[in-house]
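In the two complexes below, subunit A is the common chain; its partner is subunit B in one and subunit C in the other.
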Partner chain A sequence: MMLLYFLILPLLAAVLAPLLKPKAATHLTVSFFLLPFFAILSCLFYGCAEVHLMTFSAPIGELYLSADFISHAFGLTICIVSAMVGLFALPYMEHRFVEMELSVESEFRKYIFLYDLYAASMLWLVYSGNLILLYIFLEIALITAFLLIYFYGYGNRRWVGQLYLIWSLVAGVLTLAGFLIIGINNDTLALKYIETVGRYAWPFIFVGMVIELPVLGPHVWLPWAHAEAPTPLSALLSPLTVGLAGYVLLRIALIDYSFIVTYRSYIFGYALFSSIYAGFSVFKQTDFKRLLAYSTVSQMGYILAALCLGPFGLVGVVIQYMSHAFGKSILFSSAGGIIAVHHGLRDVRQMGGLHDSIPAISNAAVVGFLNLGGILTVGMLGEFFILRGVVETFGVSTGSLAILLAVIFMFILSVWYGFYTIRKVFYGKPKDTTRKEISRYLYVPLFLIGITSVLLVFPPLSTALIPGLKSVIWPLMGMGGIVP
Partner chain B sequence: MNEWLIFLLLFLSPVLSSVPIVLAYKSKAWTEKLPYLSVFGIFVSVIMSLYILFVLPENQQFSYPWIPEFGINIVLITDYLSRYMGVITALIAFFIAIYGLDYMKGDYRPSWYWFFFNLFTASMLLVVYSDNLFLLFVGWEGLGAASWGLIGHWFRDDNDISYVGKAGRKVGPLELSWPPSFGGWRAISTIRFGDVPMFLALAAIWALSPTLNISEIEWGTLFETLGAGGTIILLLCLLMGLFTKSAQVPFSEWLMTAMTGPTTVSALLHSATMVAAGAFVFIKLTWYIAPWTLHGVHGLEYVYLLVLFIGLLSGLYGALSGSGMLERKVLLAASTMSSIGLMFAAAAASYWVDVEVGEMHMNFAVLVAFWYMAVHAFAKASLFLVSGHLIHATHSRFLSGGLEFGKKMVPAFIVTIVATTFLVGIPPLTAYWVKSAMDEVMEHLFHEVGYLPLILLVLTSVVYSGIMAKFLALNFIKGEKPHHEHTHGGGLMKVGYSLMVSVLFVLLYIIFTSEEGHEFVAAGSVLKHGTITISFGVGILALLAYMVALYRPQIHALNKLGAFFGDRMYLPFMNDFIIPKIGFFVSHLVQDYGNRGIDGFFNTVTIPGLFGTISKRIRGIQTGYLSRYINIVLGLVMILLVVVAIGGVWL
Partner chain C sequence: MIEFSMPVLMLLGALVILTLCSAFSVKYRDLGFYGAIAALILASAAVTLLIPALIYYTAFVFAIGILNLVSLKVIKSVIQGVDYGLVALMALVTLYIFTTHNLALILAAFVLVSVPTYILVMVREGGTNVEVGIKYITFMVLATVLFLIGAVTLAYTKNAFNGLLYILGYVMLILGLSIEVGVAPLHEWVPDVFTSADPIPMSIIASLAKIVPFVIALRILISTSNSLTVSVTLFTAVLAAISMFTGNIGALTSKEHARILAYSTVANMGYLLACAVVIIKPEFFYFALTGALLMLFANAVGKIGFFNAIKGEGAFSLTMYLLAFSFIGLPPLIGFWGKLFILFSLVKAEYFWLVALMVLNSAISIPYYLRLARELGVGWKANLTNFICVAVVIITLITFLPDWFFRSMEVIAQAISIAI
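Showing the complex of A and B:
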């Protein structure tokens, strides 16, 4: 039950925070997300029981909060990122409201309600033990995100908001159709009782979630949405929301892996191509936020690729989600920092040498790119598991050489575009050499996320987390033995 | 004392001691004082490494669970290589750090510098002592990140003194001048190009072997499971990491542009960390793989042959390139690449050299490679520190300074003489004995590989000796008079390089007194079976080359050849022209056709247009004119009739 109480806090924040002034509301939000964060950490070490909520008749079945390590891994990522971005958002959104000539205090109420509800719904999504509950939270997240873009976005924000809404709805409806088929076949939608997914439900869910993820093809909504959304939203949308499609796919794959096995080579090839394609796109972007958005598409390719790689790959999915979430939330926030300090500066061609005026934000961005590249951060473990999955699945021989090289290139590309961007944005001859005095809210949270990411590589956190993931994934994949 | 406390202090004290300066980055007063704390942190590491060398038992493993379910553990080992390399690393870092207190005074971001400098040291120590491959890779990545930070330290690109290449010099479409921010980016991009394949190789070992501990992996069994093709792929992937880190051809360009970093960084990078890390890991892996016992494994011989020749070719390429260079640090960089190549070559030769040395049955070739690394580290670090002082004193990164200038810089002058003569293999100075042993190793390859390795080694040694003498001559004896002379002060700098160079004497002493040194001394003897040994002949050749280059450091008749060598034989074209051209062409395709096409199809033109058209048509129906509806009804009736008619005929 402890878990339930802690998970209610973020929902409570959505109700209480709008009653307060901006600063108090932010602090309330942050503490109501940090408390569950620490609760989840303690769950990693001491375990916690799943929580029964209620039972409906078939085909819905039991609603419960699952409490396995996959949920914990996603949950703690969502908590820390939401809390830290919430902190970052205080000066940023105030600045944005002034810029939009809105009343700060009254708009902040609206905004913080949507923000808290959005973040809390994602948290609940990963703990939902029932597919219908999961779907409901998916839709809440979608709608709140849409409203935030619609109200506070940049540029042609209404068009972009609609674009996002339509694509996500298409994704959502397809997924729902898949869920319903599962429900009818199994007489329940409770995750732990579902036995088969079947060949009719899988394609629906797969296509829906691939749009949400997104990979090459449907990926075009994402650069618009990420670039034009208000930055704190971008800093949740890209790190947390899109990756949740990976979470859904992971859950479904753990029930029935046959679809992936049947179409493995196609999906894997598609994922690699998509990731490399998006990686190359990054080099040509002129808008910093759009650049980061393409990098998200590239990183989501990792997740889809990892999904094809058996149990080790599935561990890779989880860690890759965390690593990308940490990295990208830092990066979007630093993009926001530049916007706030340099009066809406987003054009990469106008940047260069920014380290001189905003060293703290620049250094945070470095930490962000280290996460994406998997250097000294939790992404390193993610890459290691994905590579192990590649070796387990395809072997090391002259026959698999092409695949190995493609995977290697995919990983290399992230670091290349990352450090290329750092150089272009932050280093080189400074255009503005005055050191800007900036609010601590704009950078301290980013370093806290970075520290979390580094700590997760080392004992005791990884010592608890990784075997925990194994304890969930291995039995479901029919292991101890060989990949099915 | 508890072993874990020692190791924790060893690794963490450099990092933790540089945290305060990071936190106090805004305060000028504190950032001037706190570097002393950072240096103290490295000093603690020195003490710990010495403690490990003298007190902790040899060849012992220390293991602490990390992710034991998957065989990832914190495993440290105190084997021969680690114990000595640890001391070398910590000591060199400490001397350089002392020097850095002076050298980096008044810099514009001291916090950045000291944090990454200490992280660099700690990462290398981790690489040196770890037995678990994943833990080693953590240190390995730390090296990569720290080197990026340090090479691009002067990120403003606003001072010509931090550039590499002559400003404005162009060859074809290429400008041969690189700013620090570029140097950093190129370093990390090249290194990453090798690290990911290496990581894949580690993952493969992880999948196929029950353990990730280097000393416990059954290499022979592993290679047999993989078969010849698999073994070659695995080892090539692994070697990609080592070659890029150690800047062997064709991945050497980053090391040349890495000279954009502060000189202290170059000194550390070239002697005991980073480039040395690649060679060190190769030596360590070879030590445990013991390829001389695995002649039955298919594919292994090709890999070792490749390493042998890449090493030797890098050796020659580096030395020749250096012969045409006029920048102080870039010349030294090229020579380092050359030396590291020889280490690779010597260690690779162990495949064919099954000669054991001493009580511990160490392979002779591997031991030679390691000892050459040790000697090279102290000598090269001294030379870099000297050139940093020279750059400070003359405000120029190009070779300059005549005898008059040399007299004002006596300590630097002497240190340069000692370091160069001790390094190039002039009998009977330190490196001579090790180089002689290396000659002997290459002689061993006559039967299996032929004469080529020895020829390449001798050529490299001669040219190498020449460029070191050139460095001495053009800086202190025969160079142009510097435009600017600022020879006062720099006390701590002098202390730094004097301490550094003095270790070469200690090493000489160890060679003559230690057990493994006996073999070196034997290899360097003048006569064997009544004839003069090849080793001694090579030593004399090196001495001659040194004297000639000292007398004629520049030969103007060979200017064109020199320019070709000095431009690194146009290897920059690959890094700066061909690869970026291809990359940006693909980016262009992807962005301007792919993304715009998809965007147009889904979001802006085709599908929205289609909806627009359909909507317009449907709205067009609803005009309210009766004639319109009658037309529609009549049309539908017509269609119905046609359908019925066709249906009737068909039925």
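Showing the complex of A and C:
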């Protein structure tokens, strides 16, 4: 029950925060996301029980909050990122409202309601123990994100908002069709009672979630949406929302892995190609936020690849989600910092030497790219599990060596474009050497996210999290005992 | 022999109150309004006493009826107060529709819901809209005749089976229903009437008047189904698919708000007609019934909100967006649950291609609903239009998890067939 009370707090924040002034509302939001964060941390060590909500007639079945380590890992990430980005958003959104010539106080109410509801619905999504509940929260997140783009985005924001809404909705309804077939076949949609997914439902869910993820091909909407959204939204959209498609695929894969086994080589090949192609596309981008969006497509390729790699790969999916979320939220926020300080500067060609004027944001961005590259952060563990998955799945032979090298190249590519971008944006010949005064809100939260990411590599967090994930995934994948 | 128990007396009492108040309302307009409300309350209580499982259905119809009555306050019509009586009559018939198993009464109900709209469609501020009326009545009479003959033919084949006659009856019934509610390609009258009539009467015709024809058609079809049904439902499925596409594409390419709503009706009626194919799997029919009713309510409250916004030249933008999202079918709003249960029932009936088309159509309907919400949305003002819009939004939100409705429909579906 404790879990339920803590999860209700973010929803409560959506109702209460609009009643307060911007600063108080922000602090309320942050504390109402941090409290569940610490509650989930305690769950990692002491465990918590799942919560029964209500029983629906068949074929919907029981609605409950699942409380396993997979949900905790995702929930932890969502809480900390939402809280920190919420903090960062205070000066940023005030700046944006002034820029749009709107009344700060009244617009902030509207904004904070949508922001809190958006983040809270993602949190509830990963704890939903029923596919229909999961779908409801997926769509609430979609509506709120759409409205945020529609009201406060940049450029042609209405068009971009609709583009995002239509693509995500198509993804959503395809997934829903898959869920319905599962519901009819199993007479329940409660995750713990579903026994088969079946060959009809899997393709629907897979295609839907691959659009949502997205990989190369159906990714057309992502650079637009992520680049033109108001930056605090980009800093949740890219790190948290898209990866939730990976969460859905993971949950379905844990019930029935046969689809992945049947098409493993195709999916894996596509994921690698998508990741590497998108990785190279990063070099071509001139808009900083679009550049980050392409990096998201590349990173989502990791998740899809990891999904194909058996139990170790599935642990990799979870950790890769966390590492990408930490890294990308820092990076989008630093892009937002540049926009706020340098009056809407987004063109990479006009940047260079920004370290001189905004050293704090520049240092934060380095931490962000370290996350993406998997250096000294939780991303390291993710890459370890993905590589272990490659070896376990494809064995050790000359043929598998090529696959291993391709995966390693994919990892290197992230580091490569990361340092390329850092050099281009923050170092090199400075165009403006004057040191800017910037609000603490714009960089302190980013370092806090970075610290969380580093702490997760070390005991006691990693020693609680990783065996916990294995204890969920191993039995479902037909492997006995807990492998150290 | 009818037994005059308490609820039956109350049902009749409601009709008496309504008749008397309508008769006097020509002189005292307000009497018509209060009489209509009293009749609705009495009738709702009676229906709930008679069949307790109908309580949720009754509550929805009651709310929709009251909203329709209240929205009529906006215009001062020439038929002073009688318009309240007409709307309340439609609401009463809609309330009573599940309480009888008699074919004659059911067909009478069809006519009773249809006829008041002939007059209502002509209502407008300080005059009558005869041109629209003629066009509308011509189509409605055709629809009624087709529907009644179809229904009677179907009933005949139930006792003396004749394959050819069954198909003829089935097709006539479906065509009659299609014209009545506006399913493409028989939707000729819909865009014209929706755009040229006054928005308030249209909000009634597009909401309350759609419920009874569908319920009756479903009840007749399920009562008369036989071995031929599996093959003839394909006809219905094709019509449904055509209607979804015609409606959505029409709405996408329309500019006028009322015309968008007209095509949105055509699309929604397509979704609803899809429910009729589930009669081939009577054991899962309650899915279709739940879906159809929730969809009808979603359509009704959405249309009431949007038409009132057109009349009031805009309404509070949050309510407009929520109604648009309900139409698009986003959870947890009522429109989502309607579509969900229809999709469930179609999967059970193994009409997978129709499922795919319906899903596709939900997606292509997004842009025009958003456009509607954006163009009709304005800031908050305390007026009747906004009050109505807030009320309809509350209705779209109370079905957050409609298990209660689903369970009550499971009970209702047990005793839905008509004694023939």
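Operating definition for what follows: the second predicted complex is superposed on the first by the 480 of 484 C-alpha atoms of A that agree within 3 Å, B and C clash if a C-alpha of one lies under 4 Å from a C-alpha of the other, contacts with A are read in each partner's own complex, and residues count from 1 in each chain.
We adopt the following convention: a contact is a pair of C-beta atoms (placed from the backbone, for glycine too) under 8 Å apart; a residue touches a chain by one contact, two chains touch by 3 or more.
Because the structure is a prediction, the values reported are computed rather than measured.
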Partner chain(s) touched by A:136 [first = subunit B, second = subunit C, both, neither]: second
If touched residues of subunit A are counted for subunit B and for subunit C, the larger one: B
First, second, both or neither for A:416, with subunit B first and subunit C second: first
First (subunit B), second (subunit C), both or neither touched by A:457: first
Touched partner set for A:174, first subunit B, second subunit C, both or neither: second
Touching partner for A:426 - first (subunit B), second (subunit C), both, neither: first
Where subunit A meets both subunit C and subunit B, residue numbers: none
In the complex with subunit B, residue positions of subunit A that touch it: 163, 217-221, 223-224, 277, 280-281, 283-285, 353, 355-356, 359, 370, 373, 375-376, 380, 383-384, 387-388, 390-392, 395-398, 401, 404, 407-408, 411-412, 415-416, 419-420, 422-423, 426-430, 457-459, 462-463, 466-467, 470
Subunit A residues within the subunit C interface of the complex: 54, 56-57, 59-60, 63, 132, 135-136, 139-140, 142-143, 147, 158, 162, 165-166, 169-170, 173-174, 176-177, 180-181, 183-184
Contact set on subunit C toward subunit A in their complex: 321, 325, 328-332, 336, 340, 343-344, 347-348, 355-356, 359, 362-363, 366-367, 370, 374, 401, 403, 406-407, 410
Subunit B residues touching subunit A - in the complex, by the definition given at the top: 25, 64-70, 74, 109, 134, 137-138, 141-142, 144-145, 148, 152, 155-158, 179, 181-182, 184-185, 188-189, 192-193, 196-197, 199-200, 202-204, 206-208, 226-227, 229-230, 233-234, 237, 583-584, 586-588, 590-592, 594-595, 598-599, 602-603
